[in-house]
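Two complexes, one shared chain (subunit A), two partners (subunit B, subunit C).
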Partner chain A sequence: MNKRQVKLLIIFGIIAVLLGIAYLTVWLYTQRDLLIYGNANVYFKIIRRRAVQLLAIVVSTGLITSSSLVFQTLTKNRILTPSVLGFDSIFLVTQTLLVSLLGVSSILISNVYVNFIISTLTMIVITIIMYQLVLKKNKNNVVLLLLMGMIISSLAGSVSNFIQVFMNPDQFQSVLSLTTVSLTNINEQLVYILVPIMVVVVVLIYRKNRIYDVMALGDDQAIGLGVEYNKETKITLVYIAIAVAISTSLIGPLTFLGLIAVNGTRELFKTTKHKVMIVASFLLGFIVLMAGQVVVELMDNRTSVSVLISLIGGSYMIYLILKENKL
Partner chain B sequence: MIEIKKISQSYGKKQILYDVDLKIKENKITALIGANGAGKSTLLSVISRLLEPISGEIFIDNVDISKMKSIEIAKIIAVLKQTNQINLRLTVRELVTFGRFPHSKGRLNNEDIEKIEEAIKYLKLKDIEDMYIDELSGGQKQRAYIAMILAQDTKYIFLDEPLNNLDMKYAVEMMTILQNLVKDYNKTIVIVMHDINFAAAFCDYIVAMKDGRIIKEGTVDEMMDKKILDHVFDHDFCIAGINGKKVCVYFNQLTNQRLDGTSNVEVKKEEGSL
Partner chain C sequence: MSKKKVISIAVFIALVIISLFIGVSDKVSITNLLKGDKNAWFLFYESRMPRTIVIILSASALSIAGLIMQALSRNKFISPQTAGTTNAAVLGVLIAYLFLGTISLYLKFVFAFVFAMVFSVLFILILNKIKLKIVIYVPLIGIMYGSLISAITQFIAQRFNALQIISVLNLGSFAHITRLNSTLLIILIPALVIAVIYATQFNVVSLGEDFSKNLGVNYKKVLFIGLIVVAAISASTYIVVGPLPFLGLIIPNLVSLYYGDNLKKNLFDVAIFGSSFVLLNDIISRLVIYPYEVAVGFTMGISGAVIFLIMIFRRVKSHE
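Up next, the complex of A and B:
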């Protein structure tokens, strides 16, 4: 790491901490009435709720950015991320199918933990099948993959819609409560059990950073240097599938966050070392997400942060595609 | 020693290699020659375990390669494929550092740093070690990759068409470097190449492939034979001698016929007008 990168990382760290504090305290400004009518008990509850949300956001951001980064390394492109390929809309279908096939009263739905395990396992299986079918053959055809992602997203969306039409109101309600998660609507019950898992996954990805450095050289070169390429690819895909499944079920789909964070890091840090990039993209992702959330709250929640991120991320993606095409 | 026994390989239904047997000579440069599609590159990939063969076995010093860990093989065999189009922004030094991965797993110790320094110096890359590889000329880039292979510190080196995209000066420079590697570091090198004259001038041993089989192998002198080469390449060659080395000419067959009579081209009536 050179001096410039260290300096940037420190600046990022400070901004991230400031934004974290801003998130914990922004309600003091937006809901000034509370200061007059509230009491210590209320304040404590709000802070506690926000602290839990912050924890969930921190860990999910780490998961989204690190999984996007290694996904780009595996597929050797700099534009796609698992969510752009529609992997998180598979989450919707999985939940809808589970509810419609098993019924609302099934333990698979009503028990948060069991439901979570089932939907994660399903997503991992689907993700790996998708990889085998689509990515392996067309690794370098970014446009085709984008198209596939679009089709998968809209297909998954339509299938969910179609099934939801046949549901009775009870079932529909339970699908909605399972799938309309967002930054501000986090299931606290899940946070405590998921955070340890997420930390483990991020650490597992981080520990392989040197292997990913070599894998970025390409399959042949990596095998020549003694990396068991196929094995590592499969393991990493399982990590990515877990990461997408968990972060989507916890804070909802944030399609472009990984894209902004990883590519922003590439441009600012100009490095190929995954060690630096994992940390930097995490900080950048967190900054983008938190800044968005604080701005949204200051605007009286007239829009949601995922919309804001899609707006920025979508434009950035168009820019990236145009830039790549020129080269 | 590397010994290959009854290797077969196919892509889909198309069989590429048919029961290939080969022993690679130690401390020599071996050239794999043959027409396009003869299976040279595939054979190289199979020997260097980039491709898994459908059947057959490969032994390094009498140990079956399929029973070895990839990282252990990487300490014995280094391989460089023909397409090295990575769009990574790496400096020359970073690239060479990757060569130490099998030994250091990314955590460099003093010995690793010494080897990297040595490789950079040996290939005269010291002046450009901080340049990005996508800013280098073809010859410099190829040298940087060879430095990486040298830093990997293996007994065997496999190269797939290392002379591609190099002009004559750099091609000769590259082959001289490889000859020196054999001399200075006792390396064993296997190269896939097209240019029969380069193979004849710089290699010690030539293995000729055709349609997925090894049809002939031998020393340069034995292999630079019109009959053999005509058969290998299905082409009409003319072997000449310059400075005591055999050179083959594979164009202007009409003129060759008139000069030394070794070409098969029937002399036609237009000859008179030449």
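Up next, the complex of A and C:
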């Protein structure tokens, strides 16, 4: 790491901490009335709740950015995120099916914990089946995997849409609230359990940073330098599946967050070392998500973070593609 | 006429006849129609016939729109649905709804058309600026572009509590088609005529800007006309029928697999193939839970996905 990168990392860290504090205290401004009518007990509850949400954001940002980063390394492409493989739609279809088959009041829906386990398992299983089918037969052809992901996601999309048309407004609302990213309906117990899982996955990815550095050179070079390319690809894809499944069912789909974070890091840090990039993209992703959430709250919650991030991320990516003039 | 062509036309005609005589009412049968049964003729004229005509018109138009879009963007994996065109049409409908309240079908169309047009021009401009190494990434940019437009739509819809308006538009169906509410699709006829007239020039444009200038074709003009045709087709079918997934993507690819890349020669086959495909899907959707029916967008989402997967795997195999 050179001096400039260290400096940038420190600045990022400071901004991240400041935004974290802003998130913990923004209600003082948006809900001023509470200061007149509330008491210490209420304040404590609010801050505690927000601290848990902050933890959830940290967890999912870590998972989203590190999985996006290694996914881009595997595919050697800068405009991809794992969610292109259709996780969002699979998540959507699982939730829609649950609500329509079991009704709004079923334990599988009302108990966030059970719901979480079901949707996470579904996503991991589907992904692993897909990997097995495509990668084994076709010599790790990731582009093929990508196309299949696109098709499966549109398939899943049409299935969930089909079911949603038949729903009564209650069920429709219930699906909407389950699938729209909203940091306000996170289950606290879930967050505590996810922290260790997230740490394990991120550490596993981080420990392989040198292998990814080599893999980024291309498969032939990597094999020449003694990396078991095919094996590493498969293991990494399983990590990615777990990471995306967890983060999607915790805070919903955030397609563009990984893209903004990883590409922003590339542009600012001008490095290809995964060691630096994992940390930096995590910080950047956190800053973007946190700033988005604070802005949404200052706008009286009249929009959602996911939409805001799609707006920013989509524009940024198209700007980037145009600037680079090639793909 | 080749044997293949005769077979495909025969299949098409058979599907048209089946499509006309499937339905909840058993009054509409050939014998009743020949007897001159008034009820049978009424149903036939008001519901069955419009439905089948709408299917043929919109299916062939959308397939041809896909073909033109693929020629203009010089990429086999593009269709109006993977290039943000339909997303833009939704945005147009939403804007029309917000500013004008409940509005007529035609005004809706004008808004959807204008938005589809503007955003497809933008997309082609972006594509022309990028040097691509792998063609598969083009639909990826298209999807990203589309989701950017959708994000704008959602952002606006959330602020004005109009989310369900967008959701209603999300699944293609022919179930509600009658003689009255499908008149908007008359717009497809001039669009198709223009497509036929300019077919050769679209083909030339698909060779690239420099090449088409060499051959004496006004690149920008033809590109613009092509996009007008595509936008008109996608906006009008989207409003009347809803999205028909994979149609514009797989049909042109299937046809060029058999007949090569001559766009003018292929137009007719694309129309026949596309209509047969949608007719078949519509018949299936009407029969699976008879006397009810599922939306054709759902059936096509599945059958189209499967066909597309097979096509990809075949391509991979031939590369090996």
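Criterion: the second predicted complex is superposed on the first by the 248 of 327 C-alpha atoms of A that agree within 3 Å, B and C clash if a C-alpha of one lies under 4 Å from a C-alpha of the other, contacts with A are read in each partner's own complex, and residues count from 1 in each chain.
As a working rule, contacts are C-beta pairs under 8 Å (C-beta built on N, C-alpha and C of every residue); 3 or more make two chains touch, one makes a residue touch a chain.
Computed from a prediction, not measured in an experiment: that's the story for all the values here.
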- Using the touch definition from the top, say if A:Val114 reaches subunit B (first), subunit C (second), both or neither. neither
- Using the superposition on chain A described above, determine whether A:Val307 touches subunit B (first), subunit C (second), both, or neither. second
- Message: Looking at A:Leu18 after the superposition, I want to know if it touches subunit B, subunit C, both of them or none. Which is it: first, second, both, neither?
- Response: neither
- Task: Could you let me know whether more residues of subunit A are touched by subunit B or by subunit C?
- Result: C
- Message: Looking at A:Lys270, would you say it contacts subunit B, subunit C, both, or neither? Reply first, second, both or neither.
- Response: first
- Message: Under the stated touch criterion, which partner chain does A:Asp213 make contact with: subunit B (first), subunit C (second), both, or neither?
- Response: first
- Does the superposition put A:Gly224 against subunit B (first), subunit C (second), both, or neither? first
- Query: Between subunit B (first) and subunit C (second), which, if any, makes contact with A:Thr255: first, second, both or neither?
  - Reply: second
- Is A:Met148 contacted by the first partner subunit B, the second partner subunit C, both or neither? second
- Task: Considering only touches as defined above, state whether A:Leu28 meets subunit B (first), subunit C (second), both or neither.
- Result: neither
- Given the complex, residues on subunit B that touch subunit A span 45, 48-50, 69-75, 77-81, 84, 86, 88-90, 94, 98-99, 101-102, 105-107, 152
- Across the complex, what residues on subunit C touch subunit A? 126, 129-134, 136-137, 139-141, 143-145, 147-148, 150-152, 154-155, 158-159, 163-164, 167-168, 170-171, 245-246, 294-295, 297-298, 301-302, 305, 308-309, 312, 316
- Item | Contacting residues of subunit A [partner subunit B, same complex] | 210-211, 213-214, 216-221, 223-228, 270, 272
- Task: Report the residues of subunit A in contact with subunit C in the complex, numbered from low to high.
- Result: 77, 79-80, 84, 138, 141, 143-144, 146-148, 150-152, 154-155, 157-159, 161-162, 164-165, 172, 176, 255, 302-304, 307-308, 310-311, 314-315, 317-318, 321-322, 325-327
